[in-house]
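Everything on this sheet refers to the single structure shown next.
In order of appearance the chains are A, B, C, D and E, and numbering begins at 1 in each one.
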Amino acid sequence: MSLLASGTGEALSFPILTALVLVPLIGAIATLFTTARRPEITKMVALFSSVVTGGMSLWLLASFETGDAGFQFVSKHEWIQSWGIGWHLGVDGISLFLVVLTGVLFPLAIVGCDPHHDEKPYLAWILMLEAGVMGSFLSLDLVLFFLFFEIVLVPMYFLIGRWGYDQRVYAATKFFLYTMVGSAFMLVGIVTTALLASDQLGGVTFDLVEIAEGANFAASTGRWLFFAFAIAFAVKVPLFPLHTWLPDAHTQAPTAGSVILAGVLLKLGTYGLVRFGVYLFPEAAVWSRELFLTLAVIGILWGAIAATMQTDLKRLVAYSSVAHLGFIVLGTFAFTTEAISGGVMQMVNHGVSTGALFLLVGMIYERRHTRAIAELKGLQKVAPIFAAAFMVVMLSSIGVPGLNGFVGEFLVLIGSFSTARWWVVIGTVGVILAALYLLWAYQRVFHGEPDEANSSFRELRLREGAVLLPFIGLIVFCGLYPKPMLDRIEPSVKVLLERVEERTGFQTSTGDHSHGDMHGDSDDESHGESHDESDNEKGEG
Amino acid sequence: MNPLLSAATPTTTWYLVLAAVLFGIGAVGVLVRRNPLVMFMCIELMLNAVNLSFVALAKRLGDIGGQTTVFFVMVVAAAEVVVGLGIIVSIMRRRPGATADDIAALKG
Amino acid sequence: MPPIDYPAIDWLAVSPMIVVLVGALVLLVVGSLTRMWPRSLYALVTVAVVVPAVILEMVLWNRVGHEGPVSIVDDALSIDRLTLFAWIGITVAVGLVALSTSEYLRREELDGPETYAMYLAAAIGAMVMASANDFVVMFLGLETLSIALYVLAASHRRRAESQESGLKYFVLGGFASAFFLYGIALLYGSTGTTNLSGMGEFLRGQVFLDGDDAMLLAGLALLLVGLGFKIAAVPFHFWTPDVYQGAPTPTTSFMASIGKFAAFAAMLRVLLVALPTRADDWRPVVWVMAIASVVIGSILAVAQTDVKRMLAYSSISHAGFILIGVEAAGHSGDTAGLPSALLYLMLYSVLVVGTFTVISLVSRTGDGRTDLASFRGLSKERPALALAMTVFLFAQAGMPVTSGFIAKFGVIKAAADNQSYAVAIVAMVASVIAAVLYLRIMISMWLSDAETGDETREKVAVPFTSAIVILAAVIFTIVAGVFPGWLIDASRDALAVVR
Amino acid sequence: MELVVFVLAAAMILVGAIGVIVRSNPVHAALSLVLTLFGIAVLFVAQEAHFLAAVQVIVYAGAIVVLFLFVIMLLGVDRTEDIKIEPFRVQRPLAAVVGLGVVGLVVASVSASRDAIGTGTGAGLDIPTVTGDNDSNIRQIARSVFTDYVAAFELTSVLLVVAVVGTVMLTRRIKSGKGRS
Amino acid sequence: MLDLIWLVPALPLAGFVIILLFGRLLGEPKAGFLATAMVGGSFAVTAGVFFDLLSRPEAERAHVEKLFTWMPVGSLQVDLAFLADPLSITMALFVTGIGSLIHLYAIGYMHGDPKFSKFFLYLNLFVFSMLMLVLGENLLVTFLGWEGVGACSYFLISFWHTRESAATAGKKAFVTNRVGDWGVMMAMFLAFGAAGTLSYSGINHAAEEGIISGVTATAIGLMLFVGAAGKSAQLPLYVWLPDAMEGPTPVSALIHAATMVTAGVFLMTRVNPVLEVAYDWAPTIIAIVGVATALFAATIAVAQNDIKKVLAYSTVSQLGFMFLAVGSGAYVAAIFHMVTHAFFKALLFLGSGSVIHGMHHEQDMRKMGALRVLMPVTAFTFIIGWLAIAGVPPFAGFWSKDEILLYAFAESPILYAVGMVTALLTAYYMTRQVIMVFFGEARWNDHSEEHGAHGDFKPHESPVVMLIPLVVLAGLSVVGGAMQLPFSKDLHFLEEWLHPVVEFGEADIKGTWAYDNKYVLLGVAVVVALVGIAVSVAVYARKKIAAVEPKLLADGWYYDSAIARFMGGPGRKAFDGVAWVDRNVVDGAVNGVGRVVQVAGGTLRRGQTGAVRNYAAFIGVAVVALLVWFFVRGVVL
């Protein structure tokens, strides 16, 4: 039953996960030592380290043992012994693709975006960001995770603040502080979790696996702790109504910043909810699922509606992220294999498609120096290939089957339907709205007869095309053949859910079809009762 | 002689109460006077009140330590006055006749 | 007449203080008899004094580890690891501050041996405070430190602000000292002793009838006033911003590091050695002071435009964090509070010296350019300096991978250990508010565009000695942030205090 | 007898103290301070602290107040301060609260635990009682200073050095031009 | 042959990929011929599969060809697989058949368009998607195609995207379809929840076995119908289809008449066992919506002047008939009508395209007339299409429409009556169109100056690549009815062929009045059609009766404009409101917190007066507070 059981046996001499964290970090430092007079060398160094990281992540993907639910490539060392904090890294199906996504996205962001000034610190911050994100996805120690989760803010702050657009300082500050508020609660939660668990574990440890496997919190305690974690993640996701930092941050960030922010940073929140919320506090997660489902669904609709009315293209994409991330949260709190696997898929897919979308918007900005939808017109006529690329990415974002955006969304919805019926019914409306706001924007930007300012819009260049190609390739591949991903994700999700079921009695499988009729409510009620009972048991124990 | 007076021999408590009142007057003085020199004097009043308490308590406890402490306090008081007056002198040279309220450039 | 039975003196135990004292006197005597020494020599001599002191302290640390803590000179001083931890922190900080002062004084044309002698003398006061096992001794140490600081604060004779800060510090310091002393008097009256461990022992054996402990508690209240003033906790913090802002910047860093370290060490000793039995009485007060300090310090800091003043308020907020550790230490059987407070102090001291060193460089000739605008464009002009400042600021904000995170983590852990979750959460949220001010400084340094007149400003000079201090502080900040294990263990060793 | 002494001395003290805070001329305030200090010296005697009484008169009333007066004269700040005007409206009410509060609460605390005073087991118990004839007050203090309080005593030397050097630092005239170098 | 079924969609896909990569290289007309060849090849393969199936015993006429597992997770195991059975092959046949004809036609029609190859790119992608839709082994593969055709429809409607109206129409089509997709997704979720699978065989099996309860089946059916209403332009979601006429005419013919819009009917037929399990009122709703749409659209068509708009509303109306059939349980009739409709409606559209082509992109029928002389082939074929749709025997439309009405009568005479009225109207407005376009006086001379560049404007007959498809389709429209003739059980070829998929057939209405009197109904239908034609001739050719073309009908009962007004008015306001709340309330709260901190800081600052006496006073107050606390602790407590 232990998630760790199979993973530790991995006999790997090279600490690949540690390297994944350290290589970009070393790259960042190395970048700083290059001379500012030779920017191409700086860029080479940065690109090299990110490509190496990306390569390693792909190697990780290749040598990942499919079907093994536990953590693999585990790297576990003592670190701050006196506080029970360890350097514990590991990857399982849930984090694997996020790691790969990170590894792939960063080199593309480096190649695809131009900071225009101060290239050296820019690249250093990006690489540092990569190290932070990698660390967050790989950490299996609560404090280590927090450390990476929090440190990520710093490079992002500077990326937005220094290389962003006119409102950049406001946006960067808001992003930093907002996220920090969430982290504040999480830090207290982390510490308390470890201390409360220490009684059962016979010593203070912040090791995620040990706490999750060895400690069982009283119902009310677990709920408080869960909320302390959940607030941080909800801000990061961002979950309605904690989302308003996101449009500002996305809009003001430089293109690479937006790409990375949407591509991987937001996933820290959803990933955290799965890895630390549900895994550590299954009882509390089940107990509070209605709240999160509701917020997720509100977020889906709210983000979509708000996106519709935006006048700034980048802001529109940012709000679309709010909606898309709502699906992931919906899936997470549905507690079915399909839904959570779909959620994990969606994390990756959203990273790819929204990342590409931001790249494209960035290219528009590069050419036109505006993001205002009203000032763009008829681009498809002057730049058909560009428009086509935009279209593919946009369709992925809308969730057209055959492209990657659909897979995650669909799995989330179909998986959630059995346990969160009415939320799905409402949430699916977001699918309609996605088409509305994206197509409307597309029409305003690309259709029509280009006016004078837009008629000189440059067609996609080779380098830009080369950057977009992997994105589009992934969009199509993951949409048509998600099986390799699902095969790796599913075992880990299954084990996680078995745990939820075991601890809470919540019926997580969609398997029982004998009473699959419209009376979904009665199902929900029976779930409610069963976990209430388990509360009582834990309260006494 | 009225019985109250005859019965009453000043106890330690009397001294302590007197010291408290003196301390209070000193504290009020610091708050209401604007001349920094007078404020210092008020602080001296407070220190003297403490000294009085120490001495009275020393007697009550039968412990010489209280008296010794007073001795040290006097040293401290002297040192404080020296330094304090030094500060005032250096300020007053620059701004003759300034009151404590005038010296408020740093605020907010 | 019976001969006086002089107490035996453990010379090794007091040797660090003697070294420092000798250093002070040498600087004073030789310095005033000779002509101006070559550049930086005063500071280097100060460092040369500090180094053997630190070595001796480490030797003592080892000895205490083997032989256990002792109290010396007729129980007047305690030599335990709490003392030594504080001593090491104090002496190291003195060395750093002295180095950072060197070029400052040259720039401000105030060079001379007196400042360094003052530092060392003040350090003795601080060391005495940290080790005092007797209220009289503690009071004298406190006054030594305070008087030295009054003088240092007012020592920039060209700046009216400096003198103003000296006067304010002096008046309020004297006022607070009087309360402190009165508190000692009342405690003395209730327990019959001025000795901390004696008092603790007496109180352990004493059962107070109804109201009998009123004087004791009044004394405790007044004692807390004095200590609260020295550590700059709300509501005794009013002097802090004015004095920090007005004082010469190296003095500010002296106050913020050494002053705070000594005062907190003294506070811990008073509360944990003399008055642990009254923990239920003082803990709520400390609790309130802690919360008020973190919140009000942070909120007030946000509204400032002067960097020194901001950091003064932020130091109030930091004091609140340390008080959380103190509060935790007041719970019976707690083993996390005291180490966390000490660890915080150690990490914060170095951090704050580094921060103020940067400020002293940016303040330029005249020590007046400390508003946010003065930091504008620093990243262009002095990128390395700006980067160092950024590290310090993030550390102060408690970002991971810096010492600041470890410090906060320790305190939060101590609070959580004692179920003080509310404090922990309030403190963390307040630290977010405080982050605003660190961000504002960073915005000035990194993100603001140059404005007209910027190019005619005096360039920021980074002299060698200051660079060393900053570099050392940066390295320590990061090393302690990444590998804090040894410091945590050391702070934990300090639990075994002389009771 | 004791009562009379106490009342008279207390009257001196309080009159002097009030004089310090109400006399608008700083010179008068300083002179009132002398009155208070004398009154305290009297009470020191009444409380068997003969040595301290002497020191109080010599050092305090003598040296310190003279120093005050000297500085007043030096700086010429003997102008009267209009204490009828208070620029801060809240200041005096607060002062009243503080004064009454501190006095009231300390008095209340002291009287609440008046019977408990003296039950302490002081560290100086081995020293003969203050009133005993076998050793004079000055000897007892000397013994105490060089045994129990030797650390404090040594520390006063540092304190005084600090005070002296500090005063020098503060009051030395600034050299114009490029400093001393 | 069956295992080559994957080739059917693969060929158009290959065409798509080749044109995508080398489209510019190929250029006109090679890209068009390549695309046509691909679809033609696909048709050939389909035909092969058809004959293979035909050669097998009825029980074995289903073949699943699995390519790979698409989404395997948990209990959801979805394969990317094709199902070759009579229904899907029927669909595939006419999709590829008509598709290749229209491709061919488009080569001529799109001649000279700068985006010639791109047009075929989309067209091939569309055919691919449509084939995925019909060949899908499960709901999800169908949905892949379903959305794919939607996307292609979007691309093609807004093909001339520089025209604002085209762009808007494309978007409208997509979004409206998405509303329907919501229903399809719901149906999939429900089906998966109930049956644990998305494959048709699994779902249908579960329905037959009673694993899917009545209520769930009803829900699935209605949700699928929501989807079908979107895709097949039924009330209330039909609004996009008339606008979709903004696309090039081959697109209108292929997508918005023959193939895509019938997907809803196909889907309902696919899951007919589920509908059988559903509560009785569920199909009735479908029938009512269908017939209502039919009538509604027919009334609108009466007053249209745009040659394509008439056909568009006619399409909506005819689709309504198909749903009437579905709702009445006449799946075979629905498919039958779908096929015949594909023939004649494609024919009509292509004919109209030919007219438009000849008229240099003039679409207003009021500016046409007497074209039969100048465009004889077009006119001839168009007239055949007209007769077919008007329900004149022996043309294809007569048979299929009649069968539907037969079943409708069996269900309810009211449905039948409404259907009949619609049929009357259909005959009427189609006659009107034929007269306006091909007969009467030539009105286009009057407007020659409006055609700018063409100095001597004269309509001309279309090139031969465009005429071949017309002729072929005209032929099919004539003989198409032979698939399913009512006279004898032996002539029910289609019913027989579809039997493995659709068990419900004529046997089920045996004994009703309608069944017993089906020849009477047949006669009534003929009469009605002729009456419609006669009246129309009286009105438009002979001008004996004044034309009734109220604005109400011309504007489609103001339905579309009401929606537009709602979306532009309250709808937009509501959206704006959300954005406003987001900005001012949700974000305002965040900034408000910041402001509160700042204000608090500013207020607290004022306590920091700089006056040392104030500080002392504050400290003093704090001292008093501390003393009070400790006094309370010591004395009171």
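Operating definition for what follows: a residue touches a chain if its C-beta (ideal position, glycine included) is under 8 Å from a C-beta of that chain, and two chains touch if they have at least 3 such contacts.
Remember, it's a predicted structure, so these values are computed and weren't measured experimentally.
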- Any chance you could name the chains that touch chain A and chain B both? C, E
- Item | Set of chains adjacent to chain B and to chain D | C, E
- When all chain pairs are ranked by how many C-beta pairs they have in contact, which pair ranks first? B-D
- If you average the Cα atoms of each chain, whose average lands nearest the overall Cα average? A
- Note on the structure: So the chain most remote from chain E by C-alpha centre is D
- How many angstrom lie between the CA centroids of chain D and chain E, rounded to a whole number? 100
- Task: Calculate how many whole Å lie between the centre of chain C and the centre of chain E, each centre taken as the average of the chain's C-alpha atoms.
- Result: 77
- CA centroid of chain B to CA centroid of chain C, Å: 27
- Item | Geometric centre distance via CA averages, chain E-chain B, whole Å | 96
- Item | Where chain A touches two or more other chains, by residue | 177
- Message: I need the residues of chain E touching at least two other chains; which ones are they?
- Response: 605, 608-614, 616-618, 620-621, 623, 627, 630-631, 634-635
- Query: By residue number and range, which residues of chain D touch two or more other chains?
  - Reply: 88, 91, 94-95, 98, 102, 105-106, 108-110, 112-113, 117-118, 120, 122-125, 143, 148-149, 152, 156, 159, 162-163, 166-167, 170
- Listed by label, touching pairs are A-C, A-E, B-C, B-D, B-E, C-D, C-E, D-E
- For chain D, which residues count as touching chain C in their complex? 105-106, 108-110, 112-113, 115-125, 135, 139, 142-143, 146-152, 155-156, 158-159, 161-163, 165-170, 174, 178-181
- For chain C, which residues are in contact with chain B within the complex? 136, 139-140, 143, 147, 150-151, 154, 157, 160-161, 163-168, 170-171, 174-175, 177-178, 181-182, 184-186, 188-189, 192-194, 241-242, 245-246, 303-304, 309
- Counting only contacts in the complex, chain C reaches chain D at residues 1, 4-7, 21, 24-25, 28, 36, 73-77, 109-112, 114-115, 117-118, 121-122, 124-125, 128, 134, 136-137, 140-141, 143-144, 147-148, 150-151, 154-155, 157-158, 166, 182, 186, 189-195, 198, 202, 208-209, 211-218
- Note on the structure: Within their complex, chain B touches chain C through residues 16, 23, 26-27, 30, 36, 39-40, 43, 46-47, 49-50, 53-54, 57, 60-61, 63, 65-66, 68-69, 72-73, 76, 79-80, 83-84, 86-88, 90-91, 94-95, 100, 103-108
- Note on the structure: Listed in rising order, the residues of chain A that touch chain C in the complex are 79-83, 143, 146-148, 150-151, 153-154, 157-158, 161-162, 168-169, 172-173, 176-177, 180-181, 184-185, 187-188, 191-192, 195
